[in-house]
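Quick heads-up: structures coming right below.
After this come two complexes, each holding chain A, first together with chain B and then together with chain C.
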Partner chain A sequence: MSGTIKKSKESIQAEDTLVRRGTGAFLEATPLPPAENGRKRYRVGGPEDFPDNSHRVVDVDGRQLGVFHIKGNLYALPNICPHMTGPVCEADILTGSLQASDETDWKPEWVHDGEVVVCPWHGLEFHVPTGQCLAFEHIRIRRYKVTREGDDIVVEI
Partner chain B sequence: MSARQSRQVNDRLRVREESEAYFVVLENDQDDWLVAFGKAPDFAAREWATNMAESYNERFADPRLDAIKMTAPPPRRG
Partner chain C sequence: MTQAAPTHLETNAILEDLFIVDTDVHVHESPGELAPYADMPWRVALENIADRPETYLDIPSFSPGVSDGSYQAKFPTAHEGARMVWTKEQMRTELNQLDIDLGLLFPDHLLKLPVLTQTDYAAAIARAYNRWLVDKWTSQKDGLLGLIVACPHDPQDAAREIEKYADHPEMVAVYLPCAGLDPLWGNPKYHPIFAAAQYHELPVLLHSVTVTHPVFPFNNHGFDTELARHTTSHTFSIMVNLVDMVTRGTFTRFPRLRVAVSEAGITWMPWLMMRMDKEYTERRRDVPFLKEKPSHYLKQVYVCTQPIEEPDDLGDLVKAMELYEGENTTMFASDWPHHDFDHPMKFAQVPFSDEVRRKVMGENALRFLNIDRTGRKL
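Coming up: the complex of A and B.
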């Protein structure tokens, strides 16, 4: 039995837990006419590519963005962790986080359920709707504007 | 839509200082920022930003594709 446990521990890799298995190849966005404010716009897919409570990484003009559909809202973040530049948006699942403060008498509470992405490399957590790092209040990832326009999911950079 | 191998960001990174924060930006478009590290007395914002830019630039310069693949393991340090 102990041999089985030892073997299991040895075989657990990051790729087996949080990182999506894959080749590192992602869908490539297609350019659209620019927005009135001059910002570049790209079609990153259709609604069928982003079912509710899902996310995927898309290559958008030389950068990878994680595009998230959470509780009916669309979000996009750069696929790079502020810590060691890991592929933060490649985490396989969206989760929540435990939070404790003097307001709860330091009892842990489960917060942001289904809204947190965890970097597969070292586990830093980010609240997707705000880009806020949950461990360090002064770190914030950029958020890109994402909209649904008919059959197109459009990101503005 | 096609799929292809790509880098997380196809540019080197650098740090831009503003009054409220240090921003990690694209070297060739410094208005194009990725992460903000807010200045605060109890937070080493400049060090965090510098570490992020240097870490990515080190990987960016690595000719091995594995160094930039999304499924690559974390780089060894020290």
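Coming up: the complex of A and C.
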């Protein structure tokens, strides 16, 4: 329309997701033969790319996934927060959180240390191993299967 | 009424086609940035603190007082609660990513202007900010329009500022700070500000933030948590200022004044209208200058959506808007880049009619600000 301010066209999951990460920072996955159940498999990198107690976002055929290596276990979550599509897996640290119940005499205790990803946009907390949103019981992010096969870290979509 | 939320693809299509005016984005000013624009002797004071490490919305001798939860324990988090936008180029880039066409510029630190106790200093900071804003930020071609900050400490000076910038093509409204404000905006001492705004046909927007300060409704030290303080003071500030303005006659004394309120969400509007009308039944004598019941005046107030409430059924927002008859007075705001900003995609999920969505996302703001789609004043 004449006279309107031009808006740039962005991809569905723009690289510069307002978190101002460097572009090109995401590893790109390479396709592998599909699994027996027909699911697509991708090599997202080698073990050296995912050291223990780290996480990073990978680009799997246009879909951004966060791959987490926590206490020897691998997990993968989509890099879209169910709240407002924020870049949840681009959190710069993993942390724990606070819970209280009658079992703790209602005093807060620190739990899930190193297992909680907090969305940079609005602070919604997710327990990575289960995908569970700590604030809203009915929200659980789907998890992708991620395994180590020799020198390959493999994600199944 | 509920319907399945649009997928991300559908959301993007909806947003790209919509004309979106964002009635609340925030520039980042600092003592060092404003110093060259400040009168003497105040320039010396701003230069003196120019190199102080930045604390989010909390710089001693500039924007004192806590508003980021520092009265309680701070646990590690990845939540980016202290985002700042430093230049108009950065703002334009980021608003593009949000599919926003026009943005209305509010300050960061001057959100707390009323907290300063020194009248002449506060007025000098306000004047410096207005000069700086038009020099460094406002840009019609970039769709970034400014508000003239009205310093409540010195209403005569604020009226002079309104007159000074009233004809500036990129200053389209007046910002009335509410955080830590005392007395409230209904007080007659502020009449020069409203008179100037009405005379120059500039709308006014009230904007608060949460502070802990010994004035109502910011005397919130009794709460244990920031959750409690932010739930209450931030929103109550807007509500009590409207109560004060209605019951002191601001709306009747300045009948052509256009008023909007920011950053309080929307679902309190029906309650306030109903409550005030109920009170009016018994206490009309308190407000003999009102020709109509209070809700009549409140229905003329424009309300910015952020932080939009998020009920499980987003259709409840449509119902709420119907209750306060807000189809023509509700205006989208993101509050970018602040910690609780609203992404426009949430509004693609609210089951408005397309017509109401267009109004909320842009057309109501164009009317309120009296500008066209290029940001030009009409």
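Convention: the second predicted complex is superposed on the first by the 134 of 157 C-alpha atoms of A that agree within 3 Å, B and C clash if a C-alpha of one lies under 4 Å from a C-alpha of the other, contacts with A are read in each partner's own complex, and residues count from 1 in each chain.
By our rule, a contact is a pair of C-beta atoms (placed from the backbone, for glycine too) under 8 Å apart; a residue touches a chain by one contact, two chains touch by 3 or more.
Just so we're clear, the structure is a prediction, and the values are computed from it rather than from any experiment.
**Student:** Tell me which partner A:91 touches in the superposition: chain B (first), chain C (second), both or neither.
**Tutor:** second
**Student:** Tell me the contact category for A:68 with respect to chain B and chain C: first, second, both or neither.
**Tutor:** In the superposed model, A:68 contacts neither chain B nor chain C.
**Student:** I'd like to know which partner A:80 touches here: chain B for first, chain C for second, both or neither.
**Tutor:** both
**Student:** Applying the document's definition of touch, where does A:142 land relative to chain B and chain C: first, second, both, or neither?
**Tutor:** first
**Student:** When the two structures are laid over each other on chain A, which of chain B and chain C touches more residues of chain A?
**Tutor:** The partner that reaches more residues of chain A in the superposed model: B.
**Student:** One more residue to check, A:42. First (chain B), second (chain C), both or neither?
**Tutor:** In the superposed model, A:42 contacts neither chain B nor chain C.
**Student:** What is the contact status of A:27 with respect to chain B (first) and chain C (second): first, second, both, or neither?
**Tutor:** first
**Student:** Who does A:121 touch here: chain B (first), chain C (second), both, or neither?
**Tutor:** The answer is both, since A:121 touches chain B and chain C.
**Student:** Could you give the residue numbers on chain A that contact chain B in one complex and chain C in the other?
**Tutor:** 14, 19, 80, 84-86, 121-122
**Student:** For the complex, give me every residue of chain C touching chain A.
**Tutor:** It comes out as residues 8-9, 11-12, 16, 19, 75-81, 94, 96-102, 142-143, 337, 339-343, 345-346, 372-375.
**Student:** Which residues of chain B touch chain A in the complex?
**Tutor:** Going by the criterion above, the answer is residues 1-11, 21, 24, 32-40, 43, 45, 48, 51-52, 55-56, 59, 69-75.
**Student:** If we count contacts the way the header does, which residues on chain A are in touch with chain B in the complex?
**Tutor:** So the residues of chain A in touch with chain B come to 13-15, 19-30, 45, 57, 59, 62-64, 78-80, 82-87, 90, 121-122, 136-142, 157.
**Student:** Quick check: in the complex, which residue numbers of chain A touch chain C?
**Tutor:** 1, 3-5, 7-10, 12, 14, 16-19, 80, 84-86, 91-95, 97-98, 117-123
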